[in-house]
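One chain, subunit A, appears in both complexes that follow, with subunit B as partner in the first and subunit C in the second.
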Partner chain A sequence: MLDAVLLILREVLEAALILSLLLALSQKLHLQFRWSLIAVTIGTIGSWLLAHYAYEIADAMDGTGQELLNAALYSVVILSVIALGLFICPLAFKSHLENNLTQKKIFASPSGKKLIYRLCIVIVSFSLAREASEIWIYLSAFTHDTEMLSSALIGSAIGAGIGMSLGASTYYAFTFMQKSYFIPVFLAIITLLAGGLSMQIAKQLMQIGWLDSATPLWDSTFLVDEHSWVGELLYALIGYDSRPAPIQGIFYLLTITPVVSACAWHAWQLRVKTHE
Partner chain B sequence: MNNSIKYTLFASLLLGATTKAEVPTFTLEIRDHLFYPAQLVVPANTKVKLIIINRDATPEEFESYELNREKIIMGGAKAIIFIGPLLPGDYPFFGEFNPKTAQGLIRVEN
Partner chain C sequence: MKSIRGFLVIILLAIVTLANFAAVLRGYLGSMDEAERLFNQRMLQQVDLLNYTLPQLLTTAEQRSEARVFPARTLATEASLEFQWVALDGTLLARSNAMPEQPVVPLEQGFQFANFHNYRWHLFVTPSSDKSSWFIVAERADQRYRLAESMILQAVYPMVFAIPIIGLIIWWIIGVGLKPIANLARELRQREATDLRALEQQDMPVELIQLAQSANDLLRRLDSSFAREKRFSGDAAHELRTPIAALKIHCENLLHELQPAPASVLKLKQGIERMSYLVEQILLLNRTAPDHFMGNFETVNLTQLVKQTIVEQSAALELKHHQIEFNGDECWVSGDRTALTSLLNNLLGNAIKYTPDGGQIAINTWLRGGDVVLEVMDNGPGIPATERERVFDRFYRLGGDRHSSKTTGCGLGLAIVQQVVELHGARIALTQSRYEQGLLIIVTFTACLATSTESKPLHLNQLLDHKVGDHEQLH
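And now, the complex of A and B:
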């Protein structure tokens, strides 16, 4: 049962943290929460489909289907996170009054709101589908053994419960934060999160031999072990890897570049304006 | 247009070169939630192809933090995972769905 708790927690944690971050953003920007229901529904159905067709997916493209599909799912989430980051970015570099005006300009328009809702739905549903498909596959092993199935299901419920409460705590921690702090912190976290996901793409491509792995850039296992709780949490939040390959580092840097450059540009603009 | 053809050719050559080059291949089997052999010796500083055959009816996930690899292998299915080039040392792996029993080690030697 403990195995099930840990496995499900690992799978649920990332999606729960992403969901709570985006819900906190919605709360700060006075947006509706209805998108989250749509996202969780699509994500759950998607995860079931991925699990149901797992054989076919794994066999496709000369046995590289699983990795290529994962890489594609990661890419969609990363592009949506970057788009959201670029959209939110101006809010982090304005004075309070200006900020309200910018926010009104961006979010009063239905198209601006719609864009945010759509991005949030894609980010959460794609992340959830990928993560949760593994849960269905795991549980499918126990369908012929009712005793083991019930134990695995109880374990899963506990794991999912812990994951969701961690997500809820994250949500409340962020909603108590002042908006002027929240936006920069939010931007930093989602940028690092996208970087972490891009390392997973590199990993998928190394696994099928399309990219060559080399000696890891560093080994920080002595500092934070990926097996440990802190390691798992950091992995879910910013894609922590204790032994990243050099190519993973390149993917990370390329992914964080757009939002980091946009922030730098806005910061520079703000400086120019305040000096005028 | 011409350029794009050139790039495509170049890319396919590169991909062909990496997949077609002689890559040492090793086979692992999963039976009753155990890995056979539980220890595998592979050459250092070489890209290696692992073929993992799941003889069980239930799915398993090959996972290794040390090798930085994870892959689900459905019941009765076969999976291919490339690892390395690796430095000499021991690289443990396990089956995430049966972590207590399914454990193994890849020993990398010069």
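And now, the complex of A and C:
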């Protein structure tokens, strides 16, 4: 049961955090929530398909299909997160009045709103498809043993319950946050999240030998073990890895660079304006 | 936050779930440790049993060339304890059926793990009580785990299944808790627009009293501003009517004094008349506004009222050489006499105004089942279908200020008509006239029993049969 709790919690928590973050963003920007239904539906169907064709996928491309597909799913999510970050970034560096004007300008055209909806749908549905497919595969292993299945299901219910409760609490914590604080916090979290995901891409590519897995940069297992409860939580939040390879570090830096530099540029612009 | 109830249900359920499941996990881990202890105790008891029986057989066992094999248990079982009995030199003396033929671990006292026969096993290794031999008691790890977990899960299931039930209970309780808000909202929604009484604060929860007090302040301010507005319309009527009347007299005097009258004085007279008409219409619109309509509803003979209006407008009809026709049943409606008079004046006035000289106008009042249908029809220019909705807007005139008929007007007539129609719960429709061209306006009221206050009291049944067959023609 405990294994099921841990595995499901890890997957659900990551998806729930992404969903609640984006829902909170929609609430702050006065957007509709309907996209979330579409995203969850697409994600669930996608996850079932991924699980159903898991063997075919794993055997494809000389046995590297699973890793490559995971890397591709991660890449799409990362690119969408970066695009969203760059789109939202100007809102973090404006006074309240200017902020409203900027927001109006961004959303004045229907294409601005549409872009955000689409990015949100892609991020949530792709993340959910990958996470939930692992849950399907895990549970399908118990179908022949009813006793083990009921134990796994009860563990899954507990894991999902904890994950969703944390997601709901996060959502309300963000919605009660002032907008001026929320946007920078949102940017920081999604940047870290994208960085963490990029490390997973590197990991997948190292597993199939496309990238060289050299000596780890550090080993923080003694501090936080990746497979402990805290480790799982940190993994879900920022993609924590206790023994990252140098190439993973490079991927991380490359991913966070666009949003960080955009923020730096906007901050500099703001400074120039205030001096003028 | 879109819904207080949604927020409270979700956040409370999240807290309950987290607390409940944290307790479940803590309980699970603790119970698993306890179960482990219990199973280890069982192994120790097994050793006791072996101690009671086996050492006495040591001599015979050592004389045998091969280890004695005890048969497997015949009953089906979820978990079984196996054993090996080993001599001090390491030779196997006896074993249960499921154990290998060699000792599975080195002879070191204590609990250990070993893998054999495709399973992982819990082992307890201990010397016999007389230290003459060793016992290895073994139990399959998966069976032990399953047994322990199935025991503990019995306590976990209810806690997990309780969550949806708790969710429903929270949903229901919060609904009950928020009822005063729903009641307050309903009370405000059901109020008439003119009902500005303060909200009743008795039995109201403390959280809502603040809100009710603010609402009452607002209602009080609204009430006084409505009162001011009503006073204003009365004052404005008085203040504007008097100088306009004076202006009219001065203008008439001027016309008499200056012979021949200059064109500008004639235009001045027209302007004053127009202003006088506009003021009267604005006051009428104000008086018939639903927010402060102070009508006196009574049973009114609509047919009589129509005749009276035609008589009052006869001068205007004659001036434009219109032919007017009146047909209909005797109809009674419940309404405000003054408001109905202004409705008829406006409808007939419009027909007279906008129909070119020598036109045809028809007014009918029909009794149709429980309805009274008032028709005003002319052969004027009519109103295009696309404009028929907009003509009820205030100050809206067909074709703008430069109306094609060149007649004076202010665009308030039909707005007043619509207000009167709404006050009486009636319906109005604009359609094509039955003449070759023109407009037909149909107003449908609910029929009413006649009362003795009118000249010809009739009951509804009589009314239905009674056709007056009134037919008048005026020139």
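FYI, the second predicted complex is superposed on the first by the 275 of 276 C-alpha atoms of A that agree within 3 Å, B and C clash if a C-alpha of one lies under 4 Å from a C-alpha of the other, contacts with A are read in each partner's own complex, and residues count from 1 in each chain.
What we mean here is this: a residue touches a chain if its C-beta (ideal position, glycine included) is under 8 Å from a C-beta of that chain, and two chains touch if they have at least 3 such contacts.
Model, not experiment: these values are computed from the prediction.
Contact with subunit C, but none with subunit B, is seen for A:I162 once the two complexes are overlaid on the shared chain.
Once the two complexes are laid over each other on the shared chain, residue contacts for A:A141 go to subunit B alone; subunit C is not touched. Within the superposed three-chain model, A:S242 lies in touch with subunit B and out of touch with subunit C [touch as defined at top].
Touch criterion met: A:M1 reaches subunit C, while subunit B stays clear of it.
If you count the residues of subunit A touched by subunit B and by subunit C, you find the higher number for B.
Contact with subunit C, but none with subunit B, is seen for A:T175 once the two complexes are overlaid on the shared chain.
Once the two complexes are laid over each other on the shared chain, residue contacts for A:H227 go to subunit B alone; subunit C is not touched.
Residue contacts after overlaying the shared chain place A:I154 against subunit C, while subunit B stays out of touching range.
Per the touch definition, subunit C reaches subunit A in the complex via residues 1, 7, 10-11, 13-15, 17-18, 21-22, 24-25, 28-29, 146, 149-150, 153, 156-157, 160, 163.
Subunit A makes touch with subunit C in their complex at residues 1-2, 5, 147-148, 150-151, 154, 157-158, 161-162, 164-166, 168-169, 172, 175. The touching residues of subunit A, when paired with subunit B in their complex, are 3, 7, 54-55, 58-59, 63-64, 66-67, 134, 137-138, 140-141, 203, 206-210, 212-216, 226-227, 241-245.
Interface residues of subunit B, counted against subunit A in their complex, comprise 15, 18-19, 23, 47, 49, 58-59, 61, 65-66, 68-69, 71-75, 77-85, 87, 96-100.
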